[in-house]
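Two complexes follow with subunit A in common, the first pairing it with subunit B and the second with subunit C.
Then we have the complex of A and B:
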């Protein structure tokens, strides 16, 4: 009798492990599969030059996704970063045009972005305003400000001579600098979220804010930190995107809403929780696929269409996996209403 | 024809092999108010839920006006004229009173686009309302109405269809004294029309005011049905019936020793929830606080844990005045609350055991740079879950895969991991099976050897079985403050449900 019970426990555990590792295996199989398919279809796909281009393009999108990961982990949603990062990018370009040195210009752009992140975090974490509506509003404010510098026109003065293009094009030990920057930021994100005590605070806040507070976790600070970090990496992404175009665009961040959230939720679907490594792998997966389609001369405007389909398929596959006859709980948690501790 | 409007015969119901109701007989006469009494978990709400179609009975028969009926869904119950009004009636709060009354029955015409004649509906609702002395503005959205007006609308809603039996589940818990009188007058009028009322309440004084007969349910059985007049005002006899024999073996042997005073509370108040609470908690002693929902005990625990600031009064830890601004503050000062709502307040259930247990004191498992030392964490958490016999003993397993009792032990482990000196347990055994109950009680007793323990519960057996000193709270005030040996569980119960023993 006792032995039988023990067996059941292990069996249950095996089932849980099987359920949790299966999507990961499928994901890697798919990744290998698309690499094989594209390398067969196009002989340039695996060339060194294409891989460098792929990674450089992926860097910007991945940095947007990194920021979004933190906001999703604390159980919230940020719609403002496409606009806030545009403001940050325009701030940097404006200062460069005014002959301010490149590093202070970048720093000023990031500061403006982070300031908006902190405003978001305080409004949502401390004053408990609803996240989506709040970030739509703060996004609108920042985008309005972004237009003031040039009335919405591209800012290209001094871009060529300021040194920002060199930063974007620099190659260290054969690796483009933006890639190094992106990988380092992911590594820092990984250390914070998966290795440090603060990671526990971020997850606890997002998974069950009330229980986190009951455990002595200062949930407000984690929400502020998540929005601020999101603003930081997305602003940097926008500045890098401007650098690669050679001019500051008021619309630079706008295209990154889907490329930011798709890897977060695809990673969530694969690893059954929102993680830094999940976001990273999913971002690489999506970029590889888009790069392959570009080589095949599929028009660029199909990219949102493709990412959208990948995201929907991943979400629907991950939510109906059955554990022991019972439907597994959705691991994707949409931002829930700010719950009061005392009712 | 029988004399009874409703008969329930030999009703049995088991949940996962545990009997909640064991061959219960219950009869209801037309035009009577019949009170249903019992402590938490006695089975009275199970009986009501079978009658209202929420649960299916395992055995027995329900006979309405001499005919055996089957109730398989809340819809069936409504069609037979059995209406249930809960303490917080569910309504669409932005709709007006009359719209709620006729919700889903707005028109007799078929089709999605059949016109709703609001004037006619309003007039119809007014006609029903006029039969009663109550005044309610039916044209206002219900969210603007007070609690009793909302309850009246819920009753009118039931009246607008067929109604022969009305179940009122704790209808007065959120009503003021005046509002109660309005409700009681309405009940009298319903009785005159032959409607039979089942009345559930914890408040004994009310029951003797409104009930004609009463039935006591204990451990899933009908232990007594009697005329209210018969009992007179002998509340003690009722309390004894509700409690029955005590289950002594469930509770560990008491080993009180009066140690150092850890926590002293004096004159503590919080808004209108509780006033002027004073007590002290010592090592070696379990302090029990008995109180029902609304008595202020839950708010008291939250004030002591720093979740909400007190409006008045003083908190001292080891003789030192202290201001708590957050649970974080409280934990750093050696206080830990094992909350009442495990799923909402106690657990991050999508995360593994180790995550949950170490969450409140991560400083114990991090290195100088703030990185988690997983091996150390695994070792220390494993030791703790082995000590508490949590199964399965796997630190990487998500907490949602554990049973209720084991989940509660995880919350307790989290508290133990903080090595606090003051522990507050709020309803520690709610939703926990008997086996786990006994081991949680043992744990609490062991803990009292090295920490001050405060046990807050609405189960007065638990309080008298576990505690060395007992307090009871009623409507935000202390109504009893005694050593456990000097009061009976019956007295504790009465102080908590009506404020005094007389």
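Then we have the complex of A and C:
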């Protein structure tokens, strides 16, 4: 009798583990399947050159997703980064056009971006304004500012001679520099979020703010830090995107709202938690797919449709109804428009 | 408190803070008409009414979506999708205009049904699903004509008369929007539907435990929102004479949120309501029109809009804190 019960318990545990790992297994199977299908359909897909291109294109979107991950982990949402990163990109391009050296220009762009990130963080974390509407407002302001430099026109002066293209095209040990930059930023993010006590602070702030505050976690600082980090990586992404285009555009960041959030929530759907590695793998998954479709000569405007459908399907499949046959519960905790944070 | 709650009309009530924005609107109208001859030109005033009519219809649903504590960022893309579907069916498939409009309307509403189903029954945060469906809708709109606008050339005056017609010198469009808003005001303030609306926004759990089918209500509001956006998409198509895959250069979403949050300052301080939304739409239309007439660059519009939105949000947040403190004091 006793033995039998013990056996049942282990069986139950095994079943739970199996249910939890099922999405991860499906995810990797799909990734392998996609790679096989595209390499069969197009002989250039697995060539070294294409993989380098794939990673280089992926690195910009992945950087946007990395920033968004931090904001989602602290239980908030940022809609301003497409516009804030555009402002940062325009600032850098404007300074380069005014014959400022590359590094100070990039630094100034990042500073402007981070300043807006800090404003967002303070407004939401300290003054407790609702996050989505506040970031829409700061986004509108920063986009208005981005137009001041050139009235909305492309800034391409000096881009060829300043050396920013060389930074974007540099290859170190056979790996493009943007890829190295992206991977190292992800590694730093991984160390902060999963290997340090600050990471616990970020997760605690997002999971239960009141409990976090009573446990001595200074939730305000974590929110400000998350928004600032988001602004930093997305601004860098926008600057790199401008560099690969050879000109500064006011619309550079606008297309990245979905490509930034799709990996975060795809990773969340797969690993049942918002994580750095989940975001990274999901970003690679989406980029592989888009790259494959580009090789098949599918026009660019299909990409948003593909990402959108992938995200919706992944989110639907990861709900408790499908995974556990149970009534749905909110898997991702995000504040409502009307929710008030008590502290 | 008693004074504000009493149903009897006092003249002094008009000067309470929740009517401040209405006075601001009157002040703006007076100031702009006195200083600018181009502004007080009847054609210009009609243009303002026409623009605010379409925008008002577009964001009626959004007001209630925000009031129940959900979010929708896809409404502008739904309008664009509907616009492109209608244009595509008329020009590329040769479908009669009326049928094309119905088909486009159904297509747009379907997006709302997807949003509503995911938010209400699958409990996925509505912001994520609406970002995904919004981008997908925009992508489909671009796929239909390779990202280019598609001009509609037709002899049918079906929607044209509706958009450009006038009754007693006032655009039909504006009058229709006004009528829709008056009906929705009665639905919101004098029926159980409105009671459920604000109950959901206040406390979802308590509403469910009171026996109200909250999932169903959320689902229907998302469908209503997409339906209103679809109607606005058809009107925009008629106004421009072509299907467009990006209405207002992608700025429509921020415009809508600004109007709704400004509106939350009026009539019911701190709560989203339709009358307030309507006033917010008109104020924004007047402001944008005036800035354009002055010949100021576009970014001034953006800066003003952002500044107004953040001011509105701050005041709403402060007001709701004060309300909560007051009610806590009363309980004690």
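In the analysis below, the second predicted complex is superposed on the first by the 313 of 343 C-alpha atoms of A that agree within 3 Å, B and C clash if a C-alpha of one lies under 4 Å from a C-alpha of the other, contacts with A are read in each partner's own complex, and residues count from 1 in each chain.
Convention: a residue touches a chain if its C-beta (ideal position, glycine included) is under 8 Å from a C-beta of that chain, and two chains touch if they have at least 3 such contacts.
Since the structure is predicted, the reported quantities are computational estimates derived from the model, not experimental observations.
**Q** Should A:48 be classified as contacting the first partner (subunit B), the second (subunit C), both, or neither?
**A** A:48 sits against neither subunit B nor subunit C.
**Q** Tell me which partner A:214 touches in the superposition: subunit B (first), subunit C (second), both or neither.
**A** A:214 contacts subunit B only, not subunit C.
**Q** Of subunit B and subunit C, which one contacts the greater number of residues in subunit A?
**A** C
**Q** Just subunit B (first), just subunit C (second), both, or neither: which does A:254 touch?
**A** Touch partner of A:254: subunit C, not subunit B.
**Q** For A:137, decide between first (touching subunit B), second (touching subunit C), both and neither.
**A** second
**Q** Is A:174 touching the first partner subunit B, the second partner subunit C, both, or neither of them?
**A** In the superposition, A:174 touches no partner, neither subunit B nor subunit C.
**Q** Which subunit A residues are contacted by subunit C in one complex and by subunit B in the other?
**A** 329, 331, 339
**Q** Please give the residue numbers of subunit C that touch subunit A in the complex, ascending.
**A** Of all residues in subunit C, those touching subunit A are 66-67, 69-71, 73, 114, 118, 121-125, 127-129, 131-136, 138-140, 142-143, 146-147, 201, 250, 253-254, 257-258, 261, 297-303, 305-307, 309-310, 313-314, 317, 320, 324.
**Q** In the complex, go through subunit A and note every residue touching subunit B.
**A** Against subunit B, the touching part of subunit A is residues 9, 12-13, 16, 191, 195-200, 203-204, 207-208, 210-218, 273, 329, 331, 339, 341-342.
**Q** If we count contacts the way the header does, which residues on subunit A are in touch with subunit C in the complex?
**A** Where subunit A meets subunit C, its residues are 77, 79, 123, 127-130, 132-134, 136-148, 151-152, 254, 257-258, 261-262, 265, 299, 301-305, 307-309, 311-312, 315-316, 319, 321, 328-332, 334, 336-340.
**Q** Taking the touch rule as given, give the residues of subunit B at its contact with subunit A in the complex, in rising order.
**A** It is residues 299, 302, 305, 307-308, 326-328, 330-332, 337, 339, 344-351, 355, 358-363, 366, 369-372, 391-392, 394, 397-398, 400-401, 414, 418 of subunit B that touch subunit A.
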